[in-house]
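You will see two complexes here that share chain A, one where it goes with chain B and one where it goes with chain C.
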Partner chain A sequence: MSDKIIAKTDLRQWLASLVAGNDVIAPLGREGGPAQWKAIDGNQEIDLGAGQMVMAAKEYLLPVHDVLWRYETKKGEEKLEQPELPDRPTVMVGLRLCDARAISVLDSVYMDGRFRDPYYATRREKLALVATVCDDPRWSCFCTSVGDLDEWAKGVDVLLTDLGDNVYAAPVTEKGKQLVQGSFFKDPTEDQTKKKAEAWEKLKAMPKKPFAGKNITENVSWDAAIWDDMAKRCLGCGACSYQCPSCSCFDIQDITTGSLVERYRCRDTCQFTDFTLMGAGHNPRPEKKMRTRQRVMHKFKYQMEQFNIIGCTGCGRCIESCPVNIDMRDVLTALVEQAD
Partner chain B sequence: MSTDIHEITKQQMPNPYMPHLAVVEKIIEETWDTKTFRAVFQDEELREKFTYEPGQFQEVSVFGAGECTFCLTSSPTRKGYIEFSVKRVGVVTKALHELSEGAIVGIRAPFGNWFPYNEWKGKNVWFIGGGIGMAPMRSILNYCLDNRGDYGEISTIYGARTPGDLCFTYEFDEWRKNSALHLTVDAGDDSWTGRVGHVPGYLMELAPKPENTIAVTCGPPIMIKFALQNLKELGFEDKQIFTTLEMKMKCGIGKCGRCNIGSKFVCIDGPVFSFDQIKELPPEF
Partner chain C sequence: MANEVETKIREEAKKLLESGEVTVVIGWGTGSAAFKTTPVFVEKPEDVEKLVWNPACTNNLAVYLPQVAQHAKVGIVVKPCDSRSIVTLIQEKQVPKENLKIIGVTCPGIVDDASLKKAGVKLSEVQGLDWDTDCVVVGAPSGKTKLPITDAVKEGCRTCTQRTPVISDVTAGSVPAVNPVPIELMEGTPEERRAYWAKQFERCIRCYACRQVCPSCYCAKCFADRNDVRWTNKKADTSEAWMFHMGRAMHLAGRCVGCGECERACPMELPIMQLNREVQRRVEALFDFVPGMDIETAPALGQFEPEDPDPNEH
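Now for the complex of A and B:
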């Protein structure tokens, strides 16, 4: 693909040109809180590297309140309708690579050949991903310990690398090539290409955790002692899965306003007791230990068996959001050490 | 199976989250806490074309109250309507119990796999059910009876807490006509002249021979546990014994993440499993 260079001063112009033909979603700052994915009109100042603690990209693909249908009875007439889904192409700009990888995980679940989720798939098929190479990983990051970044990079449409005054834009797909268009894009110099490669190697050289390179799937054991340790501390708040870019379990609820019934899906987590509680009172996972085990095993074993993908991208959100400092890196280390 | 078993679902539900509107045509009071609903799709074309397999399940919506998972308790051999039996336990089941005939409900169906009745042809089939566990077995039992010539001996052991807790009593005569029906209750009453005792014990007394025989069991976990032990003692192998699993479900298509046992989802890999398949799953049951 033909790689390009754009001056940072021209970024706004590029985004404005994208806005002309697409809905563009980018991380926008919010006072006192993490940045959020918002539609931009081309006039906002966005920081392409600000994706660090942004809410995960599932915010767009799996909205917190996702209306499935509306049912209304008026004068004895029933009306059941599906809400309109976006029909414009959409570009997500400023993703971290880990969050882009999380979309690959979500794709396995929601575009899975056995059943295609029509709401997710409609959004996803119109979506292009413009990711940024991290130049300043956070203390909680461990992407290089759970995955192969070269492989992950194949899942985006354009990969941007910050070179100081300029941004190196590498289209990965045909869709991405269409996005990297305009007079403000120049051909990169040899030096710029070299710097880009260095930035990539620097990211990949991020210090690895003890479990890196081990087959975590084989080491995640049902009887591991770590499940008890986790359960002793875990409050069952579910912050880890709400923030997780690849956790995708949902609840389905009805909301009634007058004669209108709206069915929507919203976030849910396997960390809640009532997640699996059945009407008659039986619960297959009544103990916290069973629920912490479920979450880790789902990511590292079950999703591997089901889709041949690890359901964790090492983004570190669960580590930063856990109120009792449960650290996924420690959990994985313990699993690997126990197996050794 | 090489073909897509979910084709039947996809064909009848282009958007698997959109229910089909149906009218509750008939409500049968089975017991003090259980009712069977017969629903007919509003769309005439769908009513004619709609098809499912014995063992599959559905998601029933009471608009505003929510949605609940029930097995299809009717047999696909009996066209024009579908049935589901509901024990009153929670919000949605309570809302269902409050409905009158003529009410509109939403139905998403059919989901999941089904009993491999073609592989059972020429074999004897024993149904071992307890309580509301008879509901999913009624579909396959009636299916086998409607194709009576395809199967050998068909026997049913059905137990409930009291005579008043037995469901489908209005079909007992029909079942007795072409198959054997063995009833038992945990505690009888003044009018009960039948057997008193638990299902697994009755199974040992009746002692079906494992040769060329399939056993299907569904009921409370404790009953299944002992029925299974006894079947093994009688010489049945795991692959001869089938059940239909129950787990909390929402979506029905393997997305919402509730009903997994390991990497298997009860909604799309089940709900029907043989016990040799269950043995491969993590010990979550």
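Now for the complex of A and C:
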């Protein structure tokens, strides 16, 4: 593919040119709280090396609440409304590779050959991913211990690398090549290409955890002692999975008033007591141990068996958000050490 | 500075476990980073070395008591705010007092990720945390930095006036000389405040971390989870989140001890403590009651006198 260079001072112009033909979703600052993924109009200042967002990139594909349809009767007239789904190409910029990889995990759940979720798939099929190579991993990051970044990089459309005053833009797909267009793009010098390669190697050289390279799927044991330890500490909130870039579970609920029914989809998590509670009162996962175990087993075993993909990308959000400091890295280390 | 207290905690925990007075001691243990601790459940005397005391001991461990101490003898390490939660839990009959052995610690104030970041600390470089007179000492590869306590600690700790536990069988540490900063009251007209809170609640993702870390939120079935009567929808939008947070704030009236754990746990940075503090301020003004200070004083909502003020008239 034809790699390009763009000066940082031209990035805004590039984004504005993308906005002309696409919906562009980018990390947008928010007053009083963490930045959010939002459609931009091309006039805002966007930091493409924004670092990790509190909410993963799935915030666009699976909004925290997503109206599926709304049915209303007014003066005898019936009205059925469906939500607006994108009708033009969409480009997501500024996401990290871990979040991009997580979208591959979500793809396997929501648009695997057997099933196609129309809400997810309509957004996803129009979506191009412009990811940025991390140059400042957080304290909680462990991507290189659960995956092969070279493989992950194949799942994006353009990969950006920060070179100081310039950004190196490497199209990965044909779709990506179409995005890296415009007079502000130059051909990279040999030195710039070298620097880009160094940044990539530096990221891959991030210190590895004891479970790196081990077959975690085979080591995730139903009877491991770590489940008891986790269950004692876990408080049963949903911070870990609501922020997880690859957690895919949802709930569907209706709001009904006298004349209106709105059906919406929202987040749900196996960590909540009522997640598996059935209408007649039976709960197959009544104990906390079963619920904390489920989250890890699902990511590292069931998803592997079902879709041949690990459902964790090492983004570290669950580690940072856990109010009692349950650290996925410690859990995985305990699992492989027990197996050894 | 924290070391003597830590040693004392371990000694006391060991005594309790060796004598069989308790089957478990709940305390803070080393976390997965230098600025983190994690709750530990120590069951053997030889494991008391797992207990630590440092500026990252943020968890209000009283949250575990309704589950753990109903039918078992439990030792627990508490900060002053946590001790007030215990008083509240005893008063509300969630925990029998006779099941508890309380190891109290005096507290100069606690830090968390957000407060450290706000004070300009780069989390990935933190190697250790301790207190010194009037400051929090942050160890990093480049050396130690002293941050004034009121700059480094959690919002609730900045304004805290309770530096020694209100209830304990033994207390470790001397009374720290820390001057609290005054509480900022909620300002503006009702319309301005409405607009402000709409902006805050808009961010809520309904993960319920605030509720789950709260020792006072022990309801077997939270009103927010009920679907036989839908008080609030799960949908994460402003009006539904408004109902949840206002409902929670009202349920905590006269019961919130101000530990600040809800605000710390919130991934979306909702200023939940502003809400709780405002409610407590009004409860105090109307009923002259501060929650969790002693077991004998009946809680504001746990008693009724015909001459009680009617909040609707205030």
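Basically, the second predicted complex is superposed on the first by the 324 of 340 C-alpha atoms of A that agree within 3 Å, B and C clash if a C-alpha of one lies under 4 Å from a C-alpha of the other, contacts with A are read in each partner's own complex, and residues count from 1 in each chain.
Following the convention adopted for this analysis, a residue touches a chain if its C-beta (ideal position, glycine included) is under 8 Å from a C-beta of that chain, and two chains touch if they have at least 3 such contacts.
Keep in mind that this is a model prediction, so the values were computed, not measured.
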Fit-or-clash call for chain B and chain C when the two complexes are aligned on chain A: fit
Partner chain in contact with A:64 - chain B first, chain C second, else both or neither: second
First (chain B), second (chain C), both or neither touched by A:261: first
Which of chain B and chain C A:83 touches, first, second, both or neither: neither
Touching partner for A:286 - first (chain B), second (chain C), both, neither: neither
Chain B versus chain C as contact partner of A:329, first or second or both or neither: second
Which of chain B and chain C A:207 touches, first, second, both or neither: neither
Spatial angle chain C-chain A-chain B, Cα centroids [nearest 10 degrees]: 90
Which of chain B and chain C A:112 touches, first, second, both or neither: first
Which superposed partner A:251 touches (first chain B, second chain C, both, neither): both
Which superposed partner A:239 touches (first chain B, second chain C, both, neither): second
After superposition on chain A, the shortest CA separation from chain B to chain C (Å): 5
Contact residues common to both interfaces of chain A (with chain B and with chain C): 251, 253, 268
Contact set on chain B toward chain A in their complex: 4, 6, 9-10, 15-19, 21, 61, 63-68, 87, 89-90, 92-93, 104, 106, 221, 246-248, 250-251, 253-263, 268, 282-285
Sites on chain A touched by chain C in the complex: 30-34, 54-55, 64-65, 137-140, 232-233, 235-239, 242-243, 251, 253, 255, 264, 266-269, 272, 274, 319-321, 323-327, 329-330
Of chain C, residues touching chain A in the complex: 31-33, 36-39, 41, 59, 63, 113, 123-124, 199-200, 203, 205-209, 211-213, 225, 233-237, 261, 264-265, 267-271
Touching residues on chain A, where the partner in the complex is chain B: 68-69, 71, 73, 78, 80, 82, 109-110, 112, 114-115, 117-119, 222, 248-254, 256, 261, 263, 265, 268, 270, 275-282, 284-285, 290, 297-298, 301-303, 305-306
